[in-house]
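Take a look at the structures listed below.
What follows is subunit A paired twice: with subunit B in the first complex and subunit C in the second.
== the complex of A and B ==
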């Protein structure tokens, strides 16, 4: 590991100042991603600014919805009564990820910024445009089973690994940040970026901006929302494909729909075309199939992951069916 | 004749606490990375990035204080540059020709780990590339000759009857091809050693290992020193599964070379997980082809089997892995005509090595998948077909070994079916699956596993075990057999306590240290309980004999009498010691040239049943229930024995549905625990373990070996169940969702 200095921030302003003025400084949340990457030599900050003592842990009801502090642990969010009642997809998504020990440590802010699990990104002996801009992408000619099928570029085909973020994308969440220039809000769907020519820039958050909270707005569909994750084993694995779906169904018709996919793109992927197909349509198998087709239109698989396209379609149909009928499990 | 096994078993058969259990759960146990020595340096290995080539130049990058580093190349080796095992083909360090990716070329040591890592990355090699080969097909086709004259490490041919004559009389001839992939052992503790070496004091190595005397033998050659100048000590070892059978000789040699060059300063090398996965051995990938002749009554007439394993770049243990795989290839069936052609071939990947099962899981997978196909062609159920062909006492295996113990495969099958409700489920699932997206299936495999070294291996090993008793009556067992988490120390103590009829707590097992314990052979091949345990029993009985012969101990005695007798013996004659050396059971004959005869002293027999669901929407296959029923002679420790079976079955489930080594240019690409997927406890169903006991006359208290057995049956049982669920025959493992999807889409 590269040597670094460590500083514990006393309040938000102090944290922002430290990182803004520090040389190559980073915020330290739960450390479950950052510290691993430092050990592997992938991240090499010169300074860590520990934000764990900041008062950003609260989960509170607001008139517009729910506000989740950036330092609330993944476990606290997933197990919170209001989250489970009002935004079940978020609870399910978080619980589908990592392990209890990791979720106890991981924070909301850190989860938003967790980095890709591309093998080549994580192994410094390989070229990688994300780690070393301009060095080349090892995944495109390499083993790319877990890589993107949507929105990739010829510079990078990595996927965003988070489960939580897929749920947040479906819930129209808003990320609240504080920076040297003041506070601002970034809709979750605009928070992460596609790789384009600059895969090293993963979000629209500036390096010295601190995530302080995530807002979940009330909506007619949030209560009827679910998450389905398909992975290589039942626990402790990232999504090959995942789906977050929320529906407002009245008398068999879909008034409003949200659909987001994980494991398929460089960002949590909102399937807007599929939502158009769903909105106003009957909640039936035909609609769900059409939505799945629309969601994967334009998918461009890599050499080893063509299976993901069909897998994603099937996962969408299954989850929409279950959400619409409020059933659970593989009965069909 | 059962000579000593009729002693009362008071402790054998009981779930006594593990000897080293308390130290492990309290954290007091010291693993190699817990140890530190004054002046210790850290060592690192610089490895090849390419799979094959000739080194032109070694380059040391700018900006590092190279004079502070200990640097070792092939030129620094005092003895022979080869890892002595079976052949002498594998170098400790590449001198000129690289034969696989990640091959060690240069060693570095420094007191600062951080700087060491920087330095490791700063050494590069200018290499003239040579064309590599990566698959066993390329090797067999001699696309390039990369080893010897024909890329073949070893071939065997087994002949029974005359298979050439059966094809004409056969009602059915059924062919099939079956493949298995590489698999990583993934012991909890990665490889690691500390070495101190210099010309005066010789070489001492502490480390995580299965076979101290293998390391000893390798270091003798590497340093060209006399035996007494080499000392190898096993430290607490966090698992091995075969992965620490041969590899520790390599890492021990590396650390010792660095220490030697550093004038005897201790050097520690610990691999991190990524290095351990990318550079050390894995299970041999295999391809098996079957051609089987059957008559219309469902009787096997002849089997022709071609079994090929990919050994990687050097011979290491491939010949013996091949041997076990070959001998198990025809299974527990009575077939009059068998020919098995087997080859271990070379490719430019890191050498494949020992892994629980040692070739048998590969060939048994092929056979047990193939027999389901044969049954189908003949028009019998998989169970009925096997019933008509099971081997019995007095009949012969493929090598012509006459089975001299009662074998009741039919009985095992019946009991396993009862435990799983197999017959009813077989029919019920088939009906209920119609039109369902979650399909259920049930399948089984029947098999055997030989315990101990193959053929004349045990005779050649001449294993010795010692026992000594002190004035306090405590008995110390001296053996090189290692406790690696499987329970060796507990089982040895149980056997000795019963042999001597004294308290279990009076028995201790010495730390394996070549300067202090005799060579009881390697801790491999399901031999530790059955073969070495038997030597423990007779060494212990030797102590008793001595005390009784000298009149110090009566025929009937208590633990207190034992103590008193020991005290008097020590006062009068000094320390009480007894040694016992392996003698083959009578009537065991093996012809190495013809590959005929008694391949193993004893076999354990088993039937495993797996129940699965296959999700036709997501292509996820899950094992829902698993019954492992085996006849093992005698269960020495019920908890440890069940633990062996559960762990082995879990590993087999990984081998079947999860564990996929992804290769690129001969290098493992997914050498991290987040992308090499092993099952977690959430993926493993309840494994229901049942034993039957049919005491083996020459095992301690009647026990046979079981360490490897549970790795054998899982893969074919699961794939047989998947075929039952989906109607599609899959003939390779690992079977990943992609392959399921492709095949099921084609048939849909």
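== the complex of A and C ==
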């Protein structure tokens, strides 16, 4: 590990200033991802700015919805009464991830910015365009069972590993950030980027911007939202494929739908095409299958992950069927 | 022989503590942090060593640039092949086929595998050492690696050594005739991937030189082996080396041989002239401490319509390293498990640019029985026979390989009891015929077998003047319960309660014990402890009998029994005295007994094996192919059960490892570069609690006097044998899809398109 200095930020402005002054500094949240990557030599900051003392832990009701502080732990969010009542998909998604010990440490901000689990990214002896732009992608000719089937490029086929973010994508969440140039808001679906030619740039957050909160807008049907995660063991494994879904069904018809996929792309994948198929259609098996088809249209599997395409389709159908059943108004 | 006939009284004399589910005597130490593992012995002036691994899998080192690393404050030494002290090679164990990497580290620039140690950095603190290690620059001349068994199969070769003591090609009877006579055949290929042991405790060594005397604290299964290896490597007399290992945090075989980090720690300590602590990383453990080799197994079974086997062929490939020969002996158990006149085994090796494979829990049986027991299941379906029935039709009443009678074999009872416990009768024979709501339900079974291995070993028992006793042998507790079981064995003979017996192990200053491998420890060391306890007690009895002031004066030795810390007349308990009285009056501090257990394996009159029957129930999601084990029953004949709790725990651990093997464990090599891609516990999956259902383990009562003087047959490994096959067979029963390539991940089921 490289030597680094450690600073404890006293307030938001202090934290932002420290990272903005060009010292190759990084914010330290729970450290469950950043510190691991530092040990592996993947991240080499010269300074860690510990933000854990900042007053960003609150989870509160606002007129528009819920506001979750960036330093609320994954456990606190998942187990919070308001979250469980109003946005169950978020609670389910977080609880499907990592382990209790990790969730106790992990923060909302850190979870948004956790980096891919691509094996080749995490081992500095491999070429990797994300780690060393232009060095090549070892996963494309390599072992790519866990990699992307949607939205990848010939530069990078990594997936974003977060469960939480898939739920946030389905919930139209807004990320609130503070930077040297002031505060701004970034819709979650625009927060992460596809790899394109610059897989090293993973989000639209600037390096010196601090995530301060995530807003969840009120939505009546989010109360019946659900998360489904498919993985290689019963717990404590990243998603092969996951689905977050919410439906507003009235008299057997779908008024509105939200659908997002995890484990399939470089970002939490909001399936807008599928939502179009769903909206206005009857809540039945045929519709759900059509939605699944739409969501996976254009999927481009790699040598070892073709199974993900069919798996994702089936997961979508399963979850939509279940959500429709549980929704007032029921399935047609 | 029935279980009844084999039963022995739990204890002829003493407290009857053997067999009891005694809690671990070291449990409190462990949960309070008082148990000291190899890396936890403090030393003044301790320096830290970090190993650097090769980032290529094949080629040569062109050179090092250590200039930046040397500038890190606190750096004491950077040792590479360019400046390493001369280290002598060690003859490895076993003689036939190596299992420890015979190659001496840091003696040449040649790279054989990814992660191979190429340098040792020593510094004052761990952080400085890690920083300096990160700054060492290495240039290589890289060659394409042999990293894919499939791609290299054309270069397969016959092993030079033997395969589990047998020639690599063996034939009994004639399998061609046997197959010609068969009405039904199974002819399939089964594959098992590379797996890693992954004990919780990483390999760790502290080396302390005092002149040419070396003390080495090592996480090991074999203290005397470490001593021998270090003496050879550094050219010092064996007496100059002392190896200490009080607790081993799991091993499963990877700490059974002496890997090169041990000599590198000692070399670093010598160069730096300081005590040196070296703890390997999880990543290094994936490259340098062996693994279970990948196998490709071709099994052909021929059978009559009644299910009688007319031929068994078990042949195939496993990999080894390019510089050592280790054969994963997957055909081992097939020699003896089923009665069949015509049997052929043949194994070939493929050399890859990987570290040398080694023993991993039930080496050979674990991978081999997955194939054989899957094939038997396939045969049962073809014959429309119940899988247990098929096994009973081919039940071997004597060992078909050696023709010797079994010492004891309660396998029929294992099947019967297992079937009962598990509710096998409720199984509907047809695949896909059982459901649990949305899920497909499947029930499968397999046989387990593991041979009795024992090694010569010694122990000393000292009865103290305060009436307590000390038991000593340089054996090991890998978390298996050695401390506890040896306590019980001593208690039984000495007639003392467990709290009056202290067991001291893991130190080459103590009587010699061999490697704690092959499920041998309790049989070997336990027998020595029993012998030593008897010898010590006999001396105590002599002392009492010879003392005119003793109430036992003049009594004949066979009239005296020991219990509750007293010697007394068998016929009259009131006439006796405590050990303390005997010793105090005689003015003795202690009486000591020693015992060396020898096993005459040359003139064996019996074939000795532990047996078992494994039953798994799985639930498969018909849409996704996700498999979860929902119930598991394992019934075992391990000879005499020394401790019901630790014995059952061994079986449970084995079954859990078998579930992992069946469903998730797999080490993946990047076939382009030869680098390991999933070398940590986030990406190499082992079962978590949620993957493990309630495990129902039954240990049958038995006493196998031919297996070992204490009646035990060995418990450490048999629990994993057959467990993966039971799961795989259950998956077939649930889905109608036969997966012959482990692990059974959902893509292999989904890919078949046979699910809903």
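Please note the rule applied: the second predicted complex is superposed on the first by the 325 of 332 C-alpha atoms of A that agree within 3 Å, B and C clash if a C-alpha of one lies under 4 Å from a C-alpha of the other, contacts with A are read in each partner's own complex, and residues count from 1 in each chain.
Definition applied: a contact is a pair of C-beta atoms (placed from the backbone, for glycine too) under 8 Å apart; a residue touches a chain by one contact, two chains touch by 3 or more.
Treat the numbers as computed from the prediction; the structure is a model and nothing was measured.
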Simultaneous placement of subunit C and subunit B on subunit A, clash or fit: clash
Which superposed partner A:237 touches (first subunit B, second subunit C, both, neither): both
First, second, both or neither for A:84, with subunit B first and subunit C second: neither
Which superposed partner A:193 touches (first subunit B, second subunit C, both, neither): neither
Which superposed partner A:310 touches (first subunit B, second subunit C, both, neither): both
Touched partner set for A:17, first subunit B, second subunit C, both or neither: neither
Common interface residues of subunit A - those touching subunit B in one complex and subunit C in the other: 1, 3, 41, 117, 119, 123, 125, 142-143, 145, 230, 232-237, 240, 307, 310-311, 314-315, 317-318
Footprint of subunit A on subunit C - complex, ascending: 55-56, 127, 130-131, 134, 623-624, 626, 628, 663-664, 668, 670-673, 675, 677-678, 682-683, 685, 687-691, 745-747, 750-751
For the subunit A and subunit C complex, residues of the former touching the latter: 1-3, 41, 117, 119-120, 123, 125-126, 138, 141-143, 145, 230, 232-237, 240, 307, 310-311, 314-315, 317-318
List of subunit A residues in touch with subunit B within their complex: 1, 3, 41, 117, 119, 122-125, 142-143, 145-146, 230, 232-238, 240, 307, 310-311, 314-315, 317-318, 330-332
Of subunit B, residues touching subunit A in the complex: 49, 114, 117, 121, 274, 436-438, 613, 615, 617-620, 622, 658, 662, 664, 669-670, 672, 674-675, 677-683, 736-738, 741-742, 745
